[in-house]
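First chain A sits with chain B, and in the next complex the same chain sits with chain C.
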Partner chain A sequence: MQNHPLPRPSIFLRPASGLVKAVGLWDVFIYNVGLISLGIGVAYTQRYGPAYYSAGSIVVATLLSAGIMALVTLGFWAWTITIPRSGGIYVFLTRAGFPAFGFALSFVECISWLFYVAIAAKLVTTVAIIPLVALIFGSSNSILKWLSGSPAQLIIGTTTIVFAAWLLITGTRAYIKIQRLVFIFALVGTFALLFVLIGGDAQATFQANFNTAYSYFGSEPYSRVLDQARSLGWNTSAYSFKETVSLLVWPFLPLIGCAFSIGIGGEVRNTKRNQLIGMLGSLFFSAFGFIVIAILGDKAIGTSFQGAIAFNYDHASLVSNPATTAFEPYFPYLAGLATNSNILRILISLGFLCWVWFWIPGVLAFTERAFLAWALDRAAPAPLGTLHSRFGTPYVAVITGAIIAETFLILILFTQYFATLVFILAATVAWCITLAFGTAFPLIRHRLFSRSPIAGRKIAGIQLMTLFCFLGACALAAVIYLLWNDSLAAGHSRKSVIAVGITFTAGFVFHLLLRVYRRHQGVDLSQAYKEIPVE
Partner chain B sequence: MTNGWKVPDNIQEEALRLFDLAESEGITLRFFGSSAIRLKCAKYSALLDRADRQPKDIDCVVPRHHMRQLRSLLLSTGWIENAEITAQTDGYRLEFVNSSNKTKLDVCVDVLRFCQTLDVRKRIILDKPTLSATDLLLSKLQIRNLTRFDLIDILVLVYASPLGQDTANAIDIDQIVELTSKSWRWYKSIKTSLLFIQQQEYVSSFDLTDTAGSVIKSRLSLIDKRVLNAPKTLFWHLRSVVGGFMPWHDLVEVAPRW
Partner chain C sequence: MRFFFATDIHGSETCFRKFLRASEFYGVDALFLGGDYTSKSLIACVRSNGGWRTRLGTDVLEMRTLSDFLQFKADSINRGNLVIELAPDDFEIFRENTEVQQQLFDQAQREQLKRWAAMAADQLTGKGIKIYHIPGNDEPLYCDQFFNEFPFVPVDRRHIKIDENLACLGFGGSNRTPWKTHREYEEIEIEELIGASFCEQLKDIPLIFVGHVPPFKSGLDSAPELRSDLSYRLALGCPARVPTGSIAVREAIQRLQPVVALFGHVHESRGQVRIGKTICVNPGSGYHACRLQGCVVTIRNDRVSIQFTEG
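Moving on, here comes the complex of A and B:
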């Protein structure tokens, strides 16, 4: 037996009371996959892509947007392993010495993402429940009519938001457990979808079922849809790379979710490894899913048909007999027509329901961490950081996020103000600026950066963080350009610019006002930001 | 200065003050860690002093149903909470600093969750103001990379605590064996730690007497033998098949600064 002399005593060979962090690799992966949401991605891309970018290829657009997001992900990975705290871009920028930007951009991204909670709350009905009811009970019934109306979507959406908030208030562990279960159901639903689409008779079954359900269109309803779309101005040109590039904003919107685990960065075990694998893994997994579903969807339903029926739906008011569905023709409904099995139809719809659900508590958890970080720094009113006496969770932050999301839901359902997904532009700008700061961070905050696990890593003499953040910022700048010029996805209409402008301004103004207020109280906010990073 | 904190002079006194306060409020609070070992093995504190083993903070555990009360009590008596830890652990870990003397307090709720998880809910009342000797020993043996300070803590605790059924002050091998027979992870953890200890020249390093060294060696040896020879459950055997190919301990990382 070999005896080893003891090491010389030192002050601390190991930190006194460490923490076993709750979030492992699979949890990061599931969290990010959930926030990408295969269901929402497929629903939106297949809904708008073929209709308005008919010369574009969804497959190529997805590959391009995945490439863009890979660069963005690497940039944020560099940030989150350098400053592994929960709270997203707020903690990155404030600890890096840019507090005004940190708060303002965090404010912008939180408002933007909460807007998408509202979108998801609406999609619970339109993407999952309506298709399920239509497939099981027929495409024209009174329940469908009710579900298509704003009051029903408000009730269902609100219930979902409230349930998600309650889940988060009861604890992160409960939330993680539920998410793992929901992920399994989502996968089951997705496999059911693939099973249906792969089937050799999927195309014949789809056309037969569609022609039966919509026989009132006249003879050959399937062809009638295509004919009417063309007559309304829907264009089916040959493949165009330019249009494919324009189309990439649609798969980009869901794929941006792959980097959301930066919001819970302080809770991830083995941050360097788990964040990288979790983020990139979720990106490639989901992109692959989008591509496979797009290809199989084309085979079973027809990409042109998907475009035509969506185009007809959006222009239904222009014709007396619109050749389209009475509700938004999302992919789950169309895919459900490619099978005669009600069990498979239920599984497909439930799968999409699970995917849509992921966004809601996932984003609320993201914003909750940001709000808590603000409150702990006293950059926001202290009550925002109040912890539940029984659960120990930041319930005020959760409820605040839920209220903002609910407000957006009401505005989306009952006004025309948020017709486009305008906030993706705001959020993308916020992230782009954060990555731009990341480019400079190793140079201007050298001492702080030296503690990063990648401080010594360089490529061609350039710090890895600088390189990754630079590439990510450039990638996002390209997307911002595309979004700015895409009036369907975001655009720069007066309303859009005002919405985005107000959000940015509000963030800076709020920070400034609170800074003045705190100074009046004798509190110097900048002291809160001068701390050593976590690890 | 240690890791940015100045260690207060009277951690033991602060701990006992805290205990009395908690007791008066009906809160079941028990200490573990270095301050607990010093309290439990007060008779052998000279050994700890010789090894320069001074507690730097207070570690304690409370049952979940007393967490809310304890939190209120601490917040109302000048302790400042690291709310981020509380929020991230759903209140299963709390961290406080005393605003006047800067004593650091770590609170585990229900379980000690480190490299292994030690559920003390059923045994928390066996002794006071610390956990029982057995639980204190388990909380040390579960550490993956034992430091010099951990080692002296273990040695003093084993020297001070006979092996037996006195649930408060003795080391109950049956309890250890029950744990290690069901959980391969715990088994691996304890065997690894015991092997590490056996390989150290602790008698000379810590200036122990031959008698002390002999007592410690025989007690650790008996624990090792009992743990090794005890019959194991089916689940233990199934887990052992995978062995070290799956992680057998959790990663303990530095708590966020605040």
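Moving on, here comes the complex of A and C:
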């Protein structure tokens, strides 16, 4: 008997509400690219890499961090297709039966990302606005002096955070309209940057403009920068793989954004394919962008020069005539000097502004989702999940996130409590523990795992989820080791340990106390996510 | 009183079984079912070469043994799909004729509803647990023939006493949707129907309102904006969200001020909001993943507490 042909799907769909196409591959890709932020990645890597890891290669470091992040991504891909829900690690761990860890690690993750919202709010001024003012109005003026101070950065940073929160509260439409515009300007600015750096006369233009702007350094200002850095102890040794490995923590920070689509996992169609390609695609696309800009930046400005001028800036108090800028010498400023066109300078700074800004409401929205999930489960006070009576948005969650970010902004600007990447240390520990749970999940929650689309997939007899989560956890453990031993990035100073320790402890303690309180109210928290047996 | 509310299970066998077990699992006095409990899709498996074949999307599935077929059928039913098997000749007719498709769908749906009614009676008899329910906009009109006997208590367009201290008013169906489903009404109709259902004699008894479509712009009705081909309107990976609820339902809640109002319809808008003194909830739906989303509502001395659950 012949097989009956089935040229069309043999499924009949009757008119019924809700049959819509969901988030697809390109949407996951663009969502994650936006949350990686080319601007933050380039700014930080080019600012700190050549200065403090001068024997390291940014290109190789970026490739290494992309490789590490790819392993982490595979681990979270396994999680998100097994538990295809929106809400990130909180949902994964609570629904997998580890509620205390679910809340505590989600708490750590949210605090960490809100810290970086504050960092980004500061970078709006230092990475975008200051370079633009300096390029257009000269490298020394009263506006620049004001912008370089903490009060100005607090005002601008606060305005940024408040505006982002307002956008989220007023609803998705306003948010999407603004973000769409911002994304276009970010791309235009990036193309302008590439256009300038690729230009055959970029190097000559940069040196000529720098020498003119900083003629008060004496003759050959460009060379003076390099000479002074060496005299201050800036390391100029030959290529070192060890230093390259140390450097990778800086491109790692932005690339971590490629996995943020786990936060919208419940909305993605064909999760297995779209999340995998979307996440890895955004990762490699962005890493490629970082590498291209690093190579072109070296050609036009000189990687050594970038290192020297940043090193001089950080050690300016040690010399009477510091050969550096009066403000942090971020990449947009230096790249702007490689052209004489004010339009291109404006576009470059605007591009960086847009990339940095893009991150802020995106991450606020990520944490808002987590807060809402906690509140609905009653793992956090119910008012946290209150919806706005007019806009229908979880405004209390948004405002809470904004207040936390604002608090961090004040602490960052007016205290020395935090090393730059200390909360990346906290976040990577949280993610590492989540992936460690993922390693064991197929074994200890076999019944739940059996429903996963990858339940039957093995490599060398090992469940795919176990393998990917194990590799991802190991990759993150390596990053944690690097961060722990890097006093510039994070380190294990008393302040760093206290900051991370308090965050973890607070998460667990809060969960336990709330559990007791809810029990007193007659509410069993575990019922929020315990599966009802069918038989 | 303590009860469990779930909605929009869309034919998922697993979700319905969990719903019946919920009374014991959560220790509640009653169950409320918020509509859209029928299936949306029918999968036809053609008998072929001693086995069965079907095509889902671009994948052709071959089931060579009876146990493979039964496993596939069980998995599909658990996720809300109805499954039928057809001889090759019948399949030819099925493929080309939408009327036949609809007939076979309705037949399979009626069988499921009959089976569910028997299951519910079997499990809840002797426990005194009732299931107060309304239809959603997706329920064909023939569904009114089912779920009328114990333990089911239909409350659509009815205002009844539940006990000495609580009454219940229900309204099934929705305002207009792009899918032109079975139970859609203009806002003015909704207003009139709710008004006509209200019983003056029960007006002093605290009220539980069971609706399907949520109030307009409540946050419980925030759904992805659609294009004309019913795909999401997206920008930068994010679906734009628009309020899709009913103005008439919102006005009814503002006027009646029930103790608690239960809604469904918009699967993505899980949450809780106050309209005046009324706590309105939408537990959302995860039926396609066999996940029973619901909420346990406790009403004690006119105070309401809500615990969202995912069984």
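In the analysis below, the second predicted complex is superposed on the first by the 498 of 535 C-alpha atoms of A that agree within 3 Å, B and C clash if a C-alpha of one lies under 4 Å from a C-alpha of the other, contacts with A are read in each partner's own complex, and residues count from 1 in each chain.
In this text, a contact is a pair of C-beta atoms (placed from the backbone, for glycine too) under 8 Å apart; a residue touches a chain by one contact, two chains touch by 3 or more.
Just so we're clear, the structure is a prediction, and the values are computed from it rather than from any experiment.
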item	value
Touched chain A residues, chain B compared with chain C	C
First (chain B), second (chain C), both or neither touched by A:Lys299	neither
Partner chain in contact with A:Gly392 - chain B first, chain C second, else both or neither	both
Which of chain B and chain C A:Leu372 touches, first, second, both or neither	both
Contacts of A:Gln521 with chain B and chain C, given as first, second, both or neither	second
Which of chain B and chain C A:Asp27 touches, first, second, both or neither	second
Touching partner for A:Phe183 - first (chain B), second (chain C), both, neither	second
Shared contact residues on chain A - chain B and chain C	1-4, 6, 9-22, 85, 171-173, 266-267, 372, 376, 385, 387-394, 531-535
Chain B partner contacts - residues on chain A that touch it in the complex	1-7, 9-22, 85-86, 171-173, 266-267, 269-270, 372-373, 376, 385, 387-394, 531-535
Contact set on chain A toward chain C in their complex	1-4, 6, 8-23, 26-32, 34, 84-85, 95, 171-173, 175-177, 179-180, 183, 261, 264, 266-267, 372, 376-378, 382, 385-394, 451, 521-523, 527-535
Interface residues, chain C side, partner chain A - complex	10, 14, 17-18, 21-22, 25-26, 36, 40-46, 48-50, 53-57, 60, 81, 88, 91, 94-95, 101-102, 104-105, 137-138, 174, 177, 179-181, 217-222, 224-226, 230-232, 234-243, 265, 267-275, 286, 289-290, 292, 296, 298, 305-311
Chain B residues within the chain A interface of the complex	2-4, 33, 51-52, 56-57, 59, 67-68, 71-72, 83-95, 104, 106, 113-114, 145, 147-149, 151, 198-202, 205, 250-258
